[in-house]
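See structure below.
Chain lettering (A, B, C and D) follows the sequence in which the chains are written, and residue indices restart at 1 in each chain.
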């Protein structure tokens, strides 16, 4: 399992975490290449089904990266996202899939380093958990 | 009377003032002396403190200026005379001939490939070369080519016209003449920017005699992907050696050809030709050895306040030098993992938003060494590497440090031709030659209806230039709306 | 509206254990309003089922559909007739009425409830619903200022409080206010306290299952 | 999707920024093989004229109806490429951009194969998503020709007057009883050498005289809703409350000097701050033979990690005035780095040195120690500790954000950075705009600034505001949600969750969203239990296509 390279879907909001990813890029902060970003106007746009389907399609992990609390461009999109992520975690536990495969993160447009650290932290965590049970072919 | 505005200078300040006015529905003429707008910012590789690629964030604005319905681009043009007063200026403008029809040229670049004339490229600070027919820089706007009539063979009476033959768009017209026309505008904004101080005056720094002592703007071009070395960081001295090697190889080929032709005709002694060939070969191997000895660039020195805060040259501070060097030191680590930078400074002026954190990160994450002390002299060690003499005020010792490359953070001086503009338009200049403004009305010059913004008013960084450009637009709009 | 809540997945997965082709049938009525069994929840449940089976390496086909009103046979018939033999079992995400309508209409197929139907209730805030009406068949709200003692009083007393409340809260659970104290304050506010003095009522509790008939609306025999 | 899908993929070298790590030719071949892709081309600089004209030419030659560009960040370059698509004759929203520079080549430099695989995945996801893109139209909305300026310091007053002078009505609100901001307490402004009070009285008089400006003092901003051209604002003055509709808002709430509690045993008597010194200078009641100023008092330290830009010049200015008042005063300035940037500041520094002010540098790890009557300092040039006589110690403290900055940021829904200064749209090229369209920024609220810089930014913010104000309508892009009534169960969920209270129940008993007001966040779209709300800009189908494509390698 040591050379297992997880594939992680990331829902990233245009105003904060996508901008943080850009800043991580322009500051050339290196981080593991396991994440694939899907840009949304706000993390409030991400529904429970989007996360579940990303997992069903075989992603080993999914995380939603929104603005710092209180700074969401659309006021409370990130709070909504946090509650939906928690709901998905509960659902996953009910069908005993590791809830830690799904996480919610908050960061500002100025936190390029944090974006990179989150990508690293999540990649390491999913490596420990192992590949998704729904995707045996890609062990 | 006229409700239009003329902006002189196509750098980031001129572009911002022009766009602000155009977006408000005011007709704006943006005049630029060079073949393309973009100014000094277009020559930068990256910008502090965000490390944005300079042309990438400026590119969209260049496009917008060209595409905006309310703007008229007057590039490769200069102001000859200005009369009248606020609300009704008559401006005489000379548009230099490009010898290329701007509407037809698609900037395909075929002409430049075939043009035989090779001259130093001013956009790349003379480090690279360009042809007699050239585009000022790849993303330049207007995206057309220009013929430099001071070097083009056609204008020296020689037979050439290769470019006209190749040009599919038939855009080349050697008969094109300079045009002089009159423009009626209500207000004028001076955004002529600044010039980089020429450090060759400071003999002790050896700029011009020691090849590996360059200015900060030249270093930007060496770092830049569309620069002379395509972004590969090389010492000017090794560039010179490479150029010499190429020339010698060419000479050897010619010498061999001549030798072979002599042997075939076997009259006249061939040993004289053989002797020059041997000399050339020996010279070539000497050069190759020298180049190998130099190796890659590892240690870079940044010398601050070159010609600034110096009563012999310019008393004022260039405002952006410290941050500029920290940025270049950070960016250079991308071009070679073992590159280490040392910055010699007196006051570290990181006073803008996010500047101080950027400076700290430079030291912490990129290993930049900071030596507080004015550099006294730069000379060469016996391998020809530049050596810095300075007093390290913290260690309280005089130091002698060799480097592979020395970058001079040169002073910011008024742009060439600002005196000519001053007496054409009648605005006063301050003690350093920049355009003087009323302290409480930041963009208002002594001439009514004429405003200034950006480095034409004094050394400042890009955010301050952009803010001041919007301020000048506000004042110009007030004037032309006649309500002011 | 009728308020329901999805059953725990463990129970659901147990129910559909030995079926392969599952029709997950949502209802766009009350259970959509209370976010339990609408089209979105149908997709969520179907995905979870597929994920579970894929994890266990077992085949499954989930068909997702939603009726307008699953308690109305005409709303179900077009959908189920169209996919007559494509499914082995119906997993209905409607309320109890919906599940039973499908079962009655299509007796040869097993119909399983995906929800627990809780109560007829009020949407207090987004995501919170509270019980309001036990459907006792003989409404007393007219004399209790719109506060139902049958539902909100833990013991369903008809003629006044049991006396066990403290600080206005029912003795059964301290965060449940005593219905009758609420009724008293409401009637006082509307100065209708005399309603309390009316002769005590005796409730004619309904015999289940109830049936309502509107002869005027029924189908006429035209043979 | 009646018409046949014809997608064009354009991959950018960006000089060596992308091509330095990724094999562009390989990506082109990979893209060509993807479903519905008709052509895949590479350019050295797709954002340059040659790049955009290549896109336009490819659209015409292959009659493409979808364009995918794999280059840098859409945040800066999407508008440029959308405009090129429009000029090429296809709807600008049939365009998808994927970032293989900041999100790939720049951050996975040491792992080229993984970066190449990731770039391939990202392009495949973009092509899959592009298949479900739908055309989106723009529509117009009215612009209220009225401006709200928050804060009446030098910045607020200057921008209000600038807007009024251009013929626009202004509402100026100030939370204090009287206008003027910081300058009310200052002595003189250098180098203009004009009295601060004189400067602001002149501005206050102009505002009171100007019939286009309505000003409200002790006014507190309560609520702001709406969007550019149509903000509804509610503020209260004492116990009456006002509401108004404005087209644009300028934030000029300023900042205050830090009160250095516990620093260099500050006591407000013989260890005072520069602003307290200015009050003394104004009253000319100061007599001290030896004065020691300490720079960076509470600034450029871990908890307040920024240089407050103007304190050095304030100190130098006050030294010169002190020399006027107390002829033979001995003045020392203990500094870490003197921020006398530019022409005027450097000239003032020189003048101070000539006037006999002694500047002594201290290292951050050996700060000065204030004892009564003297200051101990390690002198780096002498290499030993010395004592300076100090009848008076003046601390140069940084400008910090007001404590209501956070509430203003929440009311206006605009971000603030770690030090609670407002965060502008782009640090270099839009320093006076917020990312939230229609709200502008100037003065200390953005970052500490001198009087000249604050005035400049105020005029700049006025010019930015005039761009919206000078048109009576503003064009809104149709990236908004809309309800498909036939699917709506009228469950009121969208009404409850919308942060801007936009959805309502229409006369047909179904939910409806006013396109002008919808901000396009998508919260209702994801929450709707009946999946009845359509969001063409980023639909469920597009997201799911991207998720599927993510794993399909």
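As a convention for this text, a residue touches a chain if its C-beta (ideal position, glycine included) is under 8 Å from a C-beta of that chain, and two chains touch if they have at least 3 such contacts.
On a predicted model such as this, the values are computed, not experimentally measured, just so you know.
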_Chain nearest the overall Cα centroid_ = D
*Indicate the whole-number Å distance between the mean C-alpha point of chain A and the mean C-alpha point of chain D.*
27
*Whole-Å gap separating chain B and chain C, where each centre is the average of the chain's CA atoms*: 76
*chain A and chain B: spacing of chain centres that average the CA atoms, whole Å*: 43
_Where in chain C do residues touch at least two different other chains?_
40, 43
*Numbers and ranges of chain A residues touching at least 2 other chains*: 26, 28, 47-49, 53, 110
*Enumerate the residues of chain B that touch no fewer than two other chains.*
50, 52-53, 354
_Graph class of chain-chain contacts, one of line, ring, star, complete, other_ = other
*Would you tell me which residues of chain A are touching chain D in their complex?*
5, 7, 9, 14-15, 18-19, 21-22, 24-26, 28-31, 33, 36-42, 44-50, 53-54, 57-59, 67, 70-71, 73-77, 80, 84, 108-110, 116, 135, 138
*Contact residues on chain A for chain C in the complex?*
47-49, 52-53, 55-56, 91, 94-95, 97, 133-134, 136
*Inside the complex, what are the residues of chain B that reach chain A?*
50-53, 334, 354
*Please name which positions on chain A make contact with chain B in the complex.*
23, 26-28, 110
*Contact residues on chain B for chain D in the complex?*
12, 16, 20, 23-25, 47, 49-50, 52-53, 56-61, 63, 67, 106-107, 138-139, 141, 143, 224-226, 230-231, 309, 315-317, 319, 347-357, 360, 393-394, 396, 430-432, 434, 439-443, 458-460, 462-464, 466-471, 473-475, 477-478, 481, 483-484
